[in-house]
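Structure provided below as structure tokens; questions to follow.
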Amino acid sequence: MLQYAAIVLIMLGLYGILTKRNVIKIIVSLNILEIGLNLFIVSVGFVDGGLAPIFTSQNATNDLNFVDPLPQALVLTAIVIGVGTTALGLAIAKTIYAKYGTFNLDEMGEK
Amino acid sequence: MSAILLIVIPLLAAFLSILVKKYSANILLVVSFASVVLLNYIPLEVITIGGFAAPYGINLILDQYSLIALYAVNVLFFLVVAINCAKFKKLSSILLVALAGLNGMILTGDLFNLFVFMEVSGIAAYLMTTTNQKPLATFNYLVQGTVGSSLYLLGLILLYAMFGTLNMQDMAFQISSSGYHIAVTAFPFLLMFIGFGVEAKLLPFNSWVQGILGSSNRLTGPMIASVYAAAIGFVLGRLLTELFVFEGTLLLIVTAILGFSIVAGEAMAFGAKKVREILLFSSIAQAALVALVFLSGFTGLAALLLIANTAGKLILFLITNTATDQLGNDDISTLQGLFVNNKVVGVSFTVAVLNVLGLPMFFGFVLKMNILLEFFQTDHLLWPAVILIVSVVEGIYFIRLLLKLWFKESDLPQVEFEFTLKYVVVVVAALLILFGVYTAPVEQAADDLTAIQYIEGGNL
Amino acid sequence: MASIELLLIIALASGFLAYLLGRVNRVYGAIVTIVSSMFVFSSLAYFGFTDSLDTTVSILPYVTFQVTYLGMFFAVMITFIYAMVSFFNPMFIKDYKYPGAYSMLYILSMAGVIGVFFTDNFMVMFFFFEFIVWTSMFLIPLGHSRKAAVSYYAFSAVGSFALLFAIFMMREAAGSFGINAGLAAISGTNAIVVFILLIVSAFAKLGAFPLHTWLPIAHGNAPHPFSPVLSGALVKLGAFVAVMALIKITPNSYVIVALDLPLAQYLVAIFAGLSIVFGTLMAIRQDDAKKLLAYSSMSHGGYILLAFSLGSSIGLSGGFYHIVTHALATGAAFLAIAAVGRQTGTTKMSELGGVIQKMPVTYVVYLIAIISMAGIPPMGGFISKWLIFQAVIDKGLILLAAAVFFGSIGSFLYVFRPLAALFLGQEKPQFKGILKEAPVIMLIPMIVLSGMNLVTGIFPNIFLQFINKVIVELGMAPVVLGTYTIQGTNGILDPLQITIAFGIGVVIAFIIFILLKKSKQVGLMDTYTAGNFIYSEELMHYSVDFYAPIERLYEKHTTHVQDMYKSLENKVKEFGNVVKYFFFTNKPEITVFWILIIIGALLWGDLL
Amino acid sequence: MKSTKFSELSQEQVDRKWWEIGDFFRRNSLWMLMYCTGCCAIELPPAMTSAYDMERLGMGPMATPRQADILLVSGYLSLKTLRRLIYTYEQMSEPKYVVGLGSCTINGGIYHDSHAVINQLDQYVPVDVYVAGCMPNTEAVMNGFVDLMDAIKHKTANGWKKYRDNYDWYRQNQIASLGEVEVHDEFHE
Amino acid sequence: MMLSMLYGVGIAFFGFVLHTSVAGINRKISGRLQKRYGPKWYQEFLDIFKLLSKRATSHGWIFDFGVIMALGGIIATAMFIPVTNNFLAFPDFDNFFIFAYLIAVGMLGMAMSASGSGNPLASIGVMRALTTMLAYDIPYMVVIVTIIKLTGTSSISGLALYQQAAGNNWFIVALPLGAIVAVLALMAGLGKKPFETYIAPAEIASGPLVEYGGKQLGMLFIMMEITHFIEVSLFVNLFLGGAENIFIFLVKYFAVYTALSLISNVYARFKIDQVVLFFYKWPLLIAIVQGFIAIYLGWVI
């Protein structure tokens, strides 16, 4: 179920990039895309009824139904990267605004 | 000595250079030179990080393929930096991060790690391109790059979901032994291919190229067109030969993309009126050609072709962008007669062009002949025909460009080329001629690189 | 014994030497070209004809050599033209923007010739083939036009790449790059493809219809001394390829019984005939003497191809001999025009006139050259055309005979035009007093070439005997030769007899002339003008639109082929622009859109 | 009786003999350049065509002065055409003869008082035969040609020698009437 | 060798005398045709010797040299003409192509000399002459090629003998279409009326000859007489079966030349582009049709 939600988010993000003409909105769409992706990654590791993948004194056996911990680790990295990109994007958006006086791609004088 | 130093040292130096801003340029120069030197002392090996064995942990693979890739990337990087470091002091730490990212991309044997390095070097590249003073183009590049890497990540995760591994070798082994229907892996493979396609300038995914390279300066032009192209090309080559299994519709799509990139790239360059546009469109075609050769399985030749092309592009972009920076724009009419007073630079430029065209006595000729020979030996008659027809078009616009740059009666453009630049382009040009005439090591290298594919446990 | 390898290395080395000396003083570089090309020619000729060329290779990698009569024929002839033309270099070197480069590339392209004709390996041959292309490509823009080099490269590249493709196909058949093995091994459908490719290559190099548009542009705009090399020597590379295609491989093709000629050969002959006719028609209407000669090269290239395509030994011998005579004639004619161009600064016929007054030797050289070119005895061109006629008539090819004769008579028209408009007539006022005969160093090669034109016309058997060796090597019966006579299929020719008869005729005419009263000498402005007083030379000299009545008949149809290439070029550009429009904007969504399209394509094709 | 047949002839005598032989050919093949300035030209077609058939005498019209032997001036000469006449006459190859038709060439005829027409042709170029009449009829014209042939036979048609010997006198007359003989034509320069 | 050369010079001289007489007679005939008395039959000789006796003007050495070259080339060509089966200088060497191209030396010499005179009308005349040549030579050559292909020899005397051996089956009968073309081409080659655009006395003042007078013109007249002799004799040998003896030759020669003159008497002049179009429309088509019929279908009457 979570996968579907993630895919819907990815699609939304792509839709946003395709249709929005505003620089900020495109960055937001990009973020939605990334969030959808991250959600998707996490959902891959999800096991129905699984436990947190931590060995404690209660569950020190090998046949426990852990969720996959690796996607969560990946998501952490991906989020960090996503934040970095977003920050950079916003910084560039600011320069664009400074240069063109608008956020709308269609109103900028360049080809 | 360990290959990990190639990543660690630049990264450390990057942080260091923020602290000591005054010496950042020197640090950059020293580090980039050091990594070239370092390459000579690193043994070929597979490095596991953190003590986890290969399928579970991240490993770095330093085999002959990545060694030659590292040599190419580091040398080119050093050359670009050596010419530019004084002028772009502010970018020192970013360049260092970029170096770390590029080296990491080439070295890593882990697909997710590759994504990370790709993003690191990508962000460095976005930052670099802000110096073009075209924020819109940079923004465009950023959005497309991010979408591309997201797609790569999506494909990667799908594969992980199917096979439960992120290690390249292991993944390849799992796929080949699992006996899945090919259609199952096709979708993630395509996503990953597209993700790389964005960075590797393959045609439908590369609308950022015009904005970035078309208005590039002396640093970003050679850096994106040459250094980044080399690194991405090598990594794409590794993925294409080791991981991706393209069959059926997917193969059709991919070959169609590549073929279309080659043809359309040359056609666009043919119609272009600005020097940098000519160069960037031709580099689109060449990137696709390299990918095609990788796809056809002629790994060694593809690698060498990549080196020849990126070395050539280094010269071309360095010279063009230097002239453009001084003259204000890069219309052919502005640059016409550029070499009348700059013969040394002109000869190097000419050598680079003839090398790209694959005319005899130059490195490109040897490679082109060998590639065609390989195609013929595998009974592919279509691709040689396409390559040859496209070469005619390529020849026409490059020769036209060369003649414009060499001949003008009066009102010559005044451009100063400093000594380091001259030195660099002459050395690179001389190497292109050397390997064009003395072909034994080239063919040896091509054979070696092709022979080491598909060896379990890291291709040592 | 002389090693070919050594010659090649000497040639290459002297190229670089020429560059270095050219840096010191540009004339030194030019002198090196003379020494080097004379050396290469004389040693090739001497050791070649004494059968003592050594093929061992010790230094150069990959290169292997063989000595064939065919290769030697071409190599000696081409280096001869190089050697002769090189005498012009010192006088022209000061005009070039890059004199050192000129000297170097001149010698390097000659070195390439050695490589092409003496190797037994296709790859080496192609290497040198392309080597010649790019060295000569940089020589052309030192003349008048940069576009010329582009179009030269474009067509050369078409030719070279067609050749390359054929080479690879032959390599696949034979398993090695050996020339003889490759040509022998190809058969079946592949042979047809290889045949077509080689013919395309030959047409492109030789400038035959419809791949001819580069000829006038390149020849007309190349530096004056390089035009004769292009037209007399380098174009003949195409003939070499044509021999490989037409004689050495036999594609399976339908044989036209009535003509006793395979269809493939017949088609080549038809195209050759077309290039004869088109070349002639276009040459007739040129204003620039060099372009005129360039189109004449196209027409003569047609003769050579036609002769080879007939596949009879007399035709083959005619083709080979035509290569020699055309090279000598066109070389001499181009040199004469080059001398005029140097002394006056133009080669346009409408701007010149009366050059003979001050440059009589140049005039005589040109006269002899055009007599040979038009195929009039007692010059070499007559012998070769006679042999070609024999071959054409022997096959009974009516239409091609019409084309051949059209080219032959048409050549009177176009070679006469520079004679009348450029050399004869009134001297233009702007050249009065400043025009001088060309320097002695330029007269030497012109006179030597003229002498060769005469020798080829009077004693053709010296050459035909060697050509017989080439023909026998190609597996055909030699042409029957007497001491002075040539036996054709329908008649015997005795060039010496014709020459003596001509000599006697001239002596008789001279005696009549000298016995009669001496004439009164008047100037060229004192002519019959229906009583009008005209003092300006431009009005009296008929040089613009010389053949206007016949030009009028076809002037609307002269640019079709150029237009075709032009529109092809525009199509490529348009395609590029369309692609650019669809894929390149500064809007990020374009990429995303195409990504989705491609993913959609995959999903639609495979998964759904 | 002395035989002259084998005796040494002087160069002069040889030339004379050759000249006489030449005269025979010349008078039997007279080619005309018709300078048809006036109405007398109308008499020439009947002279040439089947009525009188000039060709039986070996005469015929020619296109250019270089080829012609006779310069046939048929009528009055304005100053403008006289220049052309003189120019044409000087272009003819020697020996050359001039025939003047009609009274205009003799004394100006009906144009004798015109300011634009010269009266006496032989002031400007030597005339060998005049044919009088206004206009002379065709028999007279033919008779004039026969007279010229006789004159050639008797070596009296020496106008061309006279012109050469007295060039200065003729030139003086020409300049006196025309001002400038070889004009620069404004249309062509 | 030297002897046959002298023999050849004799033939050239014979040809000059023959054609000059025949041309004179023809002038008389056309005079009679126009109800005139006509000139003397030897009028052409008178004209030529008159010209030789005059003092000419010369426009420089190329003007004179061209004339010498023209006459020399034509004399050389005439030396190869086989008059009868026995009256010929070089049996076996009288190749058709020698005539076709050696005659061009003379033409070239004359053209060169004419252009050397500096008169634009001369150059125009040369241009027209060359253009006419381009027009009429192609159909003519195609016919000749047909004949050579059929007989297997290009020797003129050989062709004459071939026709005689075939029972006087002359090619004018055997190849009627070709003969029509050959007659038309011959008329153009001789500069007869509908095709005499390059002389055009009233239009371009006799074209190439405009600047000649005196001995140069005389020599060119000699050259033209011999040229006409060559062309007519070629026709006699190629299409009328040559001649066994000199009388038959004279009869055939006279008949051919007279017939052509008579035809030309009733024509006006073509424009130059009309000449080219005419020859490339019908004669070329007929010649090619004749060639196909004769060579590929074998229909020879």
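For reference, chains read A, B, C, D and E in written order, and residue numbers begin at 1 within each chain.
To be clear about the criterion, contacts are C-beta pairs under 8 Å (C-beta built on N, C-alpha and C of every residue); 3 or more make two chains touch, one makes a residue touch a chain.
Keep in mind that this is a model prediction, so the values were computed, not measured.
**Student:** Quick check on the contact graph: shortest path length from chain A to chain D, in steps?
**Tutor:** 2
**Student:** Under the document's definition of touching, what chains do chain B and chain C have as common neighbours?
**Tutor:** A
**Student:** Going chain by chain, each one touching the next, work out the least steps from chain A to chain E.
**Tutor:** Step count on the best path from chain A to chain E: 2.
**Student:** Among the chains here, which has the CA centroid at the largest distance from chain C's centroid?
**Tutor:** Following the centroid criterion, the farthest chain would be A.
**Student:** State the pair of chains with the top count of C-beta pairs in contact.
**Tutor:** C-E
**Student:** Select the chain at the greatest separation from chain E, using centres from the mean of Cα atoms.
**Tutor:** A
**Student:** For which chain is the distance between its Cα centroid and the global protein Cα centroid smallest?
**Tutor:** Going by the distance between chain centres and the overall C-alpha centre, it is C.
**Student:** So how far apart, in whole Å, are chain D and chain E when each is placed at the average of its C-alpha atoms?
**Tutor:** Spacing between the chain centres: roughly 35 Å.
**Student:** What whole-number Å value describes the gap between the mean CA coordinates of chain B and chain D?
**Tutor:** Spacing between the chain centres: roughly 95 Å.
**Student:** Averaging over Cα atoms per chain, report the distance between chain C and chain D in Å.
**Tutor:** Distance between chain centres, rounded to whole Å: 57 Å.
**Student:** So, what's the distance in Å between the C-alpha centres of chain B and chain A?
**Tutor:** Centre-to-centre distance between chain A and chain B: 28 Å.
**Student:** Which residues does chain C have that touch at least 2 chains other than itself?
**Tutor:** Where chain C meets two or more other chains at a single residue, that happens at 520, 526, 528, 585-588, 592.
**Student:** Pull out every residue in chain E that's touching 2 or more other chains.
**Tutor:** 53-57, 205, 210-211, 214, in rising order.
**Student:** Which residues of chain D are in contact with two or more other chains?
**Tutor:** As it turns out, chain D has residues touching two or more other chains at 64-66, 91, 93-94.
**Student:** So which chains actually touch one another? I want all the pairs, not just one.
**Tutor:** All touching pairs, sorted by chain label, are A-B, A-C, B-C, C-D, C-E, D-E.
**Student:** Per the contact definition, I'd like the list of chain C residues that touch chain B in the complex.
**Tutor:** Chain C residues touching chain B: 61-62, 97-98, 123, 127-128, 130-131, 133-134, 137, 141, 146-147, 149-150, 153-154, 157-158, 161, 164-165, 168-169, 171-172, 569, 572-577, 579-580, 583-588, 590-592, 594-595, 597-599, 601-603, 605-607.
**Student:** For a test of understanding, state which residues of chain D touch chain E in their complex under the given definition.
**Tutor:** Residue positions touching the partner: 18, 21-22, 25-26, 28-29, 31, 49-50, 53, 55-56, 58, 61-69, 91-95.
**Student:** For chain E, which residues are in contact with chain C within the complex?
**Tutor:** Touching chain C from chain E are residues 1, 5, 8-9, 12, 52-62, 64, 67-77, 79-80, 90, 92-93, 95-98, 101-102, 104-105, 107-108, 111-112, 115-121, 123-124, 126-128, 130-131, 133-134, 137-138, 141-142, 145-146, 148-149, 151-155, 158, 205, 210-211, 214-216, 218-219, 222, 271-273, 276-277, 284, 287-288, 291-292, 295-296.
**Student:** Can you list the chain A residues touching chain C in their complex?
**Tutor:** 14, 17-19, 26, 105, 110-111
**Student:** What does chain A use to touch chain B in their complex?
**Tutor:** Going by the criterion above, the answer is residues 10, 14, 17, 23, 26-27, 30, 33-34, 37, 40-41, 44, 70-71, 74, 77-78, 81, 84-85, 88-89, 92-93, 95-96, 99-100, 105, 108, 110.
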